[in-house]
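For reference, the structures are reproduced in the following blocks.
Here subunit A shows up in two complexes: once beside subunit B, once beside subunit C.
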Partner chain A sequence: MFTRTALLVLKKDFAIEVRSREILYTTLLFALSCVLIFSIAFVKEGEPLLDAAAGILWIAVEFAGTLALGKTFERERYSETLRALLLAPAPRAAIYVGKMLGVVVLLAVAEALLVPLVALLFHAPLLAQPLLLMALVAAGTIGFSSVGTLFAAMLVRARSRDVMLPILLYPMTVPVMIAGVRGTSALMQSPADVPSAIMWIGLLASMDVVFMTIALWTFEPLMTE
Partner chain B sequence: MSDFDEVRLLDVSRHFGRRRALSHVSLTARAGDILGLLGPNGAGKSTIIGALATLVAPTSGEIHYGGQRARALGDGLRRHIGLLAHELHLYPELTARQNLEFFAQLYGVHSGPAIDTALERAALADRGHEEVQGFSRGMRQRLALERSLLHHPRLVLFDEPFTGLDDHAVGIVAGRLRELAASGAIVIIATHDLDLADGLVTRVALIREGKLLSDEPAAAGLRARYRSVMGRA
Partner chain C sequence: MRKLFMPLLVVATAMFAYAPFMIDQAAYESSMGLVSKIFYFHAPSGMVMLLSAVVCGIASALYLWRRNPGADRLAMASAELTVLYGLIVIATGPLWARKAWGIWWDWDARLTMSFVGWLIAISYLFVRKYGGPGSDKLGAALAVFGTANVPFIYLSVNFWRTLHPKTSVVPTLPPLIRGPFWFSALALFLMYLLLLTARLHLERQRAALDALYLAEED
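Moving on, here comes the complex of A and B:
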């Protein structure tokens, strides 16, 4: 029942997005604009600032992710459909997992465009270790989305949710961003510092487990008024 | 077994910070009842509906579903609860059929014939493929009503179910509520519209400022009774 409900919620979000394409286009445009503006600022006479690419990649992911989280839950707020989801005869944490997976998929699409763009604009060897980079980005995205989904769901009925979401989310996800940036920097070295990158991936995976456990544990009490 | 034929609020209070939304409310509704929760805006009607729907946790007191607490009945309890709130719980970007299919699947209902029946009952059989955002308030309300009843709930909770409906649609919804009660559902309606409640509800609970002022069988002259109780309090 848990998995079925989570997948149903994911499928429903996907069906809505296919019809509207609102969140995908907004998120992509925002992420791409972010990277382009940074490239104008940090690439002088064809020479990018050393190691800037890693930070810019993760800033773009974090900002675009915040936008996607806000928009995803705005949909559930419009007709109070989140309450209808919470009435489903399944563990309420399944609703959380379904919404979180939707954000992860959306960010994965954004990252599939962001990574090659950052590599191109900043002359960064991001694709030298593609499997390790995928693992790093996936672990970072899950960590960010797990915390973000919980906060976005909590704030869905708050009047100042657009202000409160980044205020709550950014401090909590600083460790994820640090690990993501440091891991990406390790992969960009020549030759790539594989042991360090693996260490950062492991750290991110540990954070994912902690964040997910806390979120699954607290979602139901937080969502019950 | 999480089905039940009676729901009981026992000394339920609910505070939101310093605001007291419900104060020591005790109330029972049985299968076949259409219980009207009547009172002015802010009386606590929606809080009672939310608490019965397991969306609002009482600060104190207990809610029993057929003699058992919600916690004891687990997530399966919600299979027996249908809620139609003022906000209609529909996805405007999806079609009427997609909305019904999603909620049917969420409740484990075999979607095919159930969806067709629900669309027919909502008088939307020929518009099932249209996005809900193009519907009038009345059409959405009828669809939302059928959405909330897709899984044949035992406890049917309606919060202001007649908002935005014309007289014809009100008649259809009222007929549907009587039908549900006759089939053994416990129907609870929160409304401040006395004219619509008069002649529909079988029992009346009058509420003001979170307090239950009266719980009695419905009788003729509901408006006069309402004025008398509210004026006295």
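Moving on, here comes the complex of A and C:
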């Protein structure tokens, strides 16, 4: 029941997205413009600064992710479907999981484009350890989306939600960003610093577990009127 | 607490008046000179800030799951005091750092963590003020998340380099510094308690006023 509800919510969001592709395109374009702006700040005399790529990648993911999070729930609010979703005789937490999976999938698509692009544009050996980088990016994305989905959901009814989401989300995801950036730059060293990258992945994984647990726990009282 | 408020206020005022004399007589820290006296203000404020943040987190969890309106008022009051004491910590820290490290600010573990914690407390107040209806629950969730986040912020920044004196400094203070230090800590803690009580009282009155308005409208 739980898994089915979550997958149904994911399927619904996916169907809407496939038809309009609105969120995907805006997120991708926004991530690209982020990278462009960073290239102005972090390239000196044609050579990118050392380690800048790790930060650029993660900041682009975080900014683009905020945009995507805001949009997924804006859509529900706009067509007054959130109430219908919450009225469904299904566990509330499953709705949260479905929504979160949607954000994760969307960000994964954006990252699949961002990682090679950042590696190319900033001469960074990002793909030297593809499996570890994938694990790191996946763990970071889940951590970011788990907090983000909860905050975006609870801000749906709040005033000035567009301003509020980044203000609440960025301080809260600071540890995710630190672990992501540090882990990525450990992987970018030559030779790659595998032990510390694994340490950061482990830290991210434990963050994911804690964030998900609290989010699943608080979603029910938060979404009850 | 209300009966104790005035006597405690007198005690706290007296303590604040006497503290400069005590700090003046405390042993002179040779390497740092006069700037080291900031320590008597900076470290206890940091302790009270942490305490206040923990109170806010616990009260928010109580409010979220038990719907206890008193817990909500407590969370609100302690979040405000977290921001206040955080401001003291963040304002006095650089004054000391300039002399000790030669820089105003460094992205070291403790500094980053205090800054992030302070930002989270500010964002809590932000939600409460501009969040509109339902912002009480929003804020409570934020505080619960913020509290759960603390160990991770601590761990992740601790794996960086660190400049800030370790926590082991406080228990191993020389006797001549220890006395004035705990005196200052107690004074700042008393001030926290008094401010919290006053703030809670104000929130209670506000809630009572709101209830009266609602009763009038019916």
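Keep this in mind: the second predicted complex is superposed on the first by the 225 of 225 C-alpha atoms of A that agree within 3 Å, B and C clash if a C-alpha of one lies under 4 Å from a C-alpha of the other, contacts with A are read in each partner's own complex, and residues count from 1 in each chain.
Everything that follows uses one rule, which is that contacts are C-beta pairs under 8 Å (C-beta built on N, C-alpha and C of every residue); 3 or more make two chains touch, one makes a residue touch a chain.
If you're wondering where the values come from, they're calculated on a predicted model, not measured in any experiment.
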| item | value |
| --- | --- |
| First, second, both or neither for A:Ala179, with subunit B first and subunit C second | second |
| First (subunit B), second (subunit C), both or neither touched by A:Lys12 | first |
| Contacts of A:Pro91 with subunit B and subunit C, given as first, second, both or neither | first |
| Which superposed partner A:Ala192 touches (first subunit B, second subunit C, both, neither) | neither |
| Partner chain in contact with A:Met154 - subunit B first, subunit C second, else both or neither | second |
| Partner chain in contact with A:Val43 - subunit B first, subunit C second, else both or neither | neither |
| Residues of subunit A at both interfaces, subunit B in one complex, subunit C in the other | none |
| Residues of subunit C that touch subunit A when the two form their complex | 64-65, 112, 116, 119-120, 123, 126-127, 130-135, 137-138, 141-142, 144-146, 148-149, 152-153, 155-157, 159-160 |
| Interfacial residue positions of subunit A with respect to subunit C in the complex | 147, 150-151, 154-155, 157-160, 164, 167-168, 171-172, 174-175, 178-179, 182, 199, 203, 206-207, 210-211, 214, 218, 221-222 |
| Residue ranges of subunit A touching subunit B (in the complex, touch as defined) | 1, 5, 8, 12, 15-16, 19-20, 75, 78-81, 83-92, 224-225 |
| Interface residues, subunit B side, partner subunit A - complex | 16, 50, 53-57, 75-79, 81, 83, 85, 87-94, 98, 102-103, 105-108, 131 |
